[in-house]
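Following: one structure in structure tokens, then a few remarks.
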Amino acid sequence: MVRARGLGVLAAATLLPFAFACGSSSGGGTTASTCKPGSVSYVPSTTASTAALTYAAASNALQTAHQGAGTVLKIGFIGILSGQYTSYGVDEQRGAQLALDAVNAAGGITVGGTTYTLQLDSQDDAADPTKGAQGATKLVDDKVVAVIGGTFSGATIAESKIFSDNGITQISPSATNPKYTSQGFKTAFRVVGRDDQQGPADADFIVKTLGCLNVGVMDDKSQYGQGLADAVNTQVPVDKGTVVDREHVDTNQTDFSAQLTTMKGKNPDVIFYGGYSAQFGPIVQQARRLGIKATFVSGDGSQDADAIKLAGSDAEGLFASNAGPAPSLQPGYAAFAAAYKAKYNADIFQYAPQAFDATNIVINAIKTAGGDKAAILAAVTATNNYQGVAQGYTFTSTGDVKVSIFTIYKVESGAWKAVRAVNLNVS
Amino acid sequence: MSILDILQAVLHGPFGDFPFAVVAWQALLVGSIYLAVRLLRGRIPKAAFAPLRPVGHGASVALRNMYVLIAIGLLLPLAELFTGGYLISVTYGIELYVMLAIGLNIVVGFTGLLDLGYVAFFAVGAYVYGIFASPQLAEVTHATLYFLVPAGTTPGIHISMWVLLPIAGLVAALFGVLIGIPTLRLRGDYLAIVTLGFGEITRIFANNLDTPINITNGPSGVTSIDPVWIGSYSFGDPNHYLGPFRFTPFLNYYYLVFVLILLTVFVVNRLANSRVGRAWGAIREDETAAEVAGINTRNLKLLAYASGGFFGGLAGAVFAAGQHIIAPESFQLFVSILVLCMVVAGGMGSIPGSVLGAVVVGAVYFLTSQLQYLSILVFGLLLVILIIFRPQGILPSAQRKLELESDDTETPTTRGETMPA
Amino acid sequence: MENCLNHLTSGFTVDGLIQQLINGLSLGSIYALIALGYSMVYGVLELINFAHGDVFMIGTFAVLGVVQRFGLTDQTSFVIVVPALLVAMIAAMGLCAALGFTIEKVAYRPLRNAPRLAPLISAIGVSFVLQAWVATYVSANYFTLPNLIHGEIPILPDVSISYVQILMFVASFAMMFFLQLLVRRTRLGRGMRAVAQDRDAAALMGVNMDRVVSFTFVIGSALAGVAAILWTLNYSFNQTVGAVVGLKAFTAAVIGGIGSIPGAMLGGFLLGLAEALGAGYISSLTCGVFNSSYQNVFAFAFLILMLVFRPSGILRQRVSDRA
């Protein structure tokens, strides 16, 4: 009994200071803000020229007919093919497969007298570095000439050493962590921009375009989420905004009310979340239930259909950025989307166009270099303004893409609509 | 790599090219050979090496298993050179788990302490190695120390593996003691949950210790970790050839871990067959009785954690060197559970059992991982079936065999017979 | 230093504190419901039912299935939502109860006399099976329910308590009440208490051990089913939700005193509070050294401290050699 009372006194003693810390202003922002998230206009669609790439919509029959004709050249794919992030990886795998189907349907590639049929060799890395390293080793054993992958940066970085050791070209359609290309591997390439570019683009959008100066930053303490959020956190003050609160959640977390309540007390106009849609959606839902009126912005980890699905009716008015141009600005997007739908009976999830383009860059290299790994690497390195579905690609000396494009999207009537394009030229 | 290269490497020492370092190493070498010869001459009784020589019928069965396993372990990767690097990478992965299983066996099998947080030691060892063999420490000290650098001029401290591997093990052992102290009074399932908690806490700290001082670099993990060097032979260099065969980094590390495992088995075997081992067994069977019999249960439990931690840390350090990056996501609860399953499936308290359990479970896990969740489903089923129908595991220790295979379903303490040691 | 003090006091409002308390308590009520299951099973069998959290997880998917069947959206009127949710609750409770019963029969009963570690391993195996099955045959994605019960009651200008949260409190107290009735008034309940006190003596007194254990599992799992529907109304879930929540719930059971029903409730609420307050204020209190991502660390730290200083829990008076 005495013990219980003792505990009670202890509890009261710890809670007492909180009671006295009352009265201080609940707002953390010091600058008057001209925040108008509702007033953004949409990126107009251009009259897209249907690309000269042929899509083998009914190519399945043709493909089987061509198999066995000529030498088979294997192109590797490594990405997330299982787990909760499967949608990302499978989407990219499909994009790559469509590129190969198109080539095979057209009779393969004939170089120097040999006709090559292309085959996709897929390995699962489940976003785990160890599994990725093993999958990469399998691809090396299978003698692939180039690899499209990985999906998330962590595993991609682990795989990059193995591909570098074996002289195999690796083009990632979605790894945005700067570290991937700064390791100095000659074989590491990517066809999208980086988080240290995406973050500032998001911050600029929030402060300059939306005019919202009081920003709350939240992340999921994952490699991608924190990296992106840190970049935003650094850029907002540079743009003369204020970061009123910085919160972290855990990737396994499902109850965000503690962090959101603290965030609410600081009164942000905009809350930026660095992380994936699996949590972004529920965070928005719970925030609205708590009465938070702030606008939510996130990065490419949330710019997909899952975010809308999970946020439910609270999805209207969400912003998220994505690497790559808006679909309406991608010259070959409509035709590609149609071919994708025809073969897989599903919509593009996110980075399928990038995977398609990456594969085609490799195919292009094979057209001049044949089946030799080193020659393919040289040809890919020398890629000069290759026009793909999404954009034109030229690689920098580190393997990044010269023209790094990000697009900000907004949810309107239950779908993502492009509102702003950011083009960065990297030398 | 020829015999001459090896001899040269041994004589050259791991302390770099600096003349004084080489001289010091050679003096050390000469001194220890001298001491060893003096000690061996009549000082150490022949019986100490007994486990390496079959002494009795029962023991020889276990030993024969051991020799077979060693032979397989040595030759398997060479055979895999023909089939390609993937199997070698999988074998290497399994091997790390073998080491973890042996370490966990000390805690769970010998001493009977339910430890569900073993991955913490693995993580601590990996991070110690990672921080001190990469540019990471420069973040901590804002200084650049060139100290025992084998090659390369990246900033940060690069301590050679000969020093760093044991240090990683010792730090993990210390960590084990720290975990052990608050849990001394806990038994059974409570201990399991608390150790699970410690495992998770370790991972969360690894994920968050990037502010205010960047120690672990948070979720991005530590990158650019040095590979292991012996002389000028880098284990991470993919271009070593033995005739037509290429020694990939995975193969290099495989043999390194193999040597470590032999060392581990030797040490653990000695421990198990000593008074310490018997005391651990007593604690496992009935802690109160052991206490009453005069065994210092506190110290022995801490020793169990420390030993288990040491070998776990050692494995973690090599893991860090081999993978050249480490991130908190590699140290999830699942690893602890998997290692526990290996120990249980193989036979608790039995070293060959742990090895075999790790190999079997690891093989199943890695080779079916393409099926991802389906493989875990089958895995779980097999686990339940195994524990119900053969709870003593695949290769039980002699004692367990008697305990669990007997028709008698009563617990040993109610049987009234004396248990052979 | 000044910056730190600034950090400390900025953003503190009584409103914020009260909101955190409400959130913590409502989350705690779900922990309490699941903790009851752990507590009861441990009291009777001295076994941590590792798979209990995953039974809860199956319950959440049962609710999802029903809601999807009925085609509920956030526009659906109350008249349809309420009966649909009742159906969902009964479905979840039923499925969880059946599952709990089966698990006990298949995976634990054969190991009743085996060494301590065996049922634990078996439970881990069952946990794997449940999670993997859902991930393979349902989906590994996260799910949320549409906003079926909207609306809050504003208490203060910046503080509100949602209807869902009220429902959580009411449901957990109601369940505890029913459980107490069950345990004190029915024969099987008496048997449970007897077995928890002394297994052999109860057997000698004619208590049917098998029946009692099955009953315990069924009731505990049904409670997990109730927790499941409450969870889905407010939070997201996938096949891993059981593991995390289950662990916290077990911690709650230990904190409150394992084997004690009011103890499980108390432990649940305390844990929920500790998490909410910890996550909300740790960053300010430590000047940013620790951030709110340490949320789980608090739960474990709480557990470890409890076990070191008061192993029998808050409400449990009995001294045992258990810890």
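A, B and C are the chain letters, set down in written order, and residue numbers restart from 1 in every chain.
As a working rule, a contact is a pair of C-beta atoms (placed from the backbone, for glycine too) under 8 Å apart; a residue touches a chain by one contact, two chains touch by 3 or more.
Model, not experiment: these values are computed from the prediction.
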Graph class of chain-chain contacts, one of line, ring, star, complete, other: complete
Of A-C and A-B, whichever chain pair has more C-beta contact pairs: A-C
Where chain A and chain B are represented by their mean Cα positions, the distance between them in whole Å: 38
For chain B, residues contacting two or more additional chains: 204, 207-208, 372-373
Per-residue multi-chain contacts in chain C, two or more chains: 140, 291, 293, 296
Overlap residues in chain A, where contacts from two or more other chains coincide: 82-83, 221, 248, 250
Residue ranges of chain A in contact with chain B within the complex: 81-83, 124, 126-131, 133-134, 137-138, 140-141, 154, 157-158, 161, 165-166, 177, 179, 183, 221-223, 225-227, 248, 250
Of all residues in chain C, those that touch chain B in their complex: 42, 46-48, 106-107, 110-111, 113-118, 120-122, 124-129, 131-133, 135-136, 140, 243, 247, 250-251, 254, 288-291, 293-294, 296-297, 299-301, 303-304, 307-308, 311, 321-323
In the complex, chain A residues that touch chain C: 3-4, 7, 18-19, 21-24, 26, 28, 82-84, 86-87, 221, 245-250, 252-255, 257-259, 261-262, 264-266, 278-279, 281-282, 285-286, 289-291, 306, 309-314
Sites on chain B touched by chain A in the complex: 83-86, 88-90, 93, 204, 207-208, 218-221, 223-224, 238, 248-250, 323-325, 327, 329-330, 366, 369-370, 372-373
Of chain C, residues touching chain A in the complex: 8-17, 19-20, 23-24, 27, 74, 140-144, 146-147, 152, 158, 160, 162, 164, 234-238, 240-241, 244, 275-281, 283, 291-293, 295-296, 310, 314
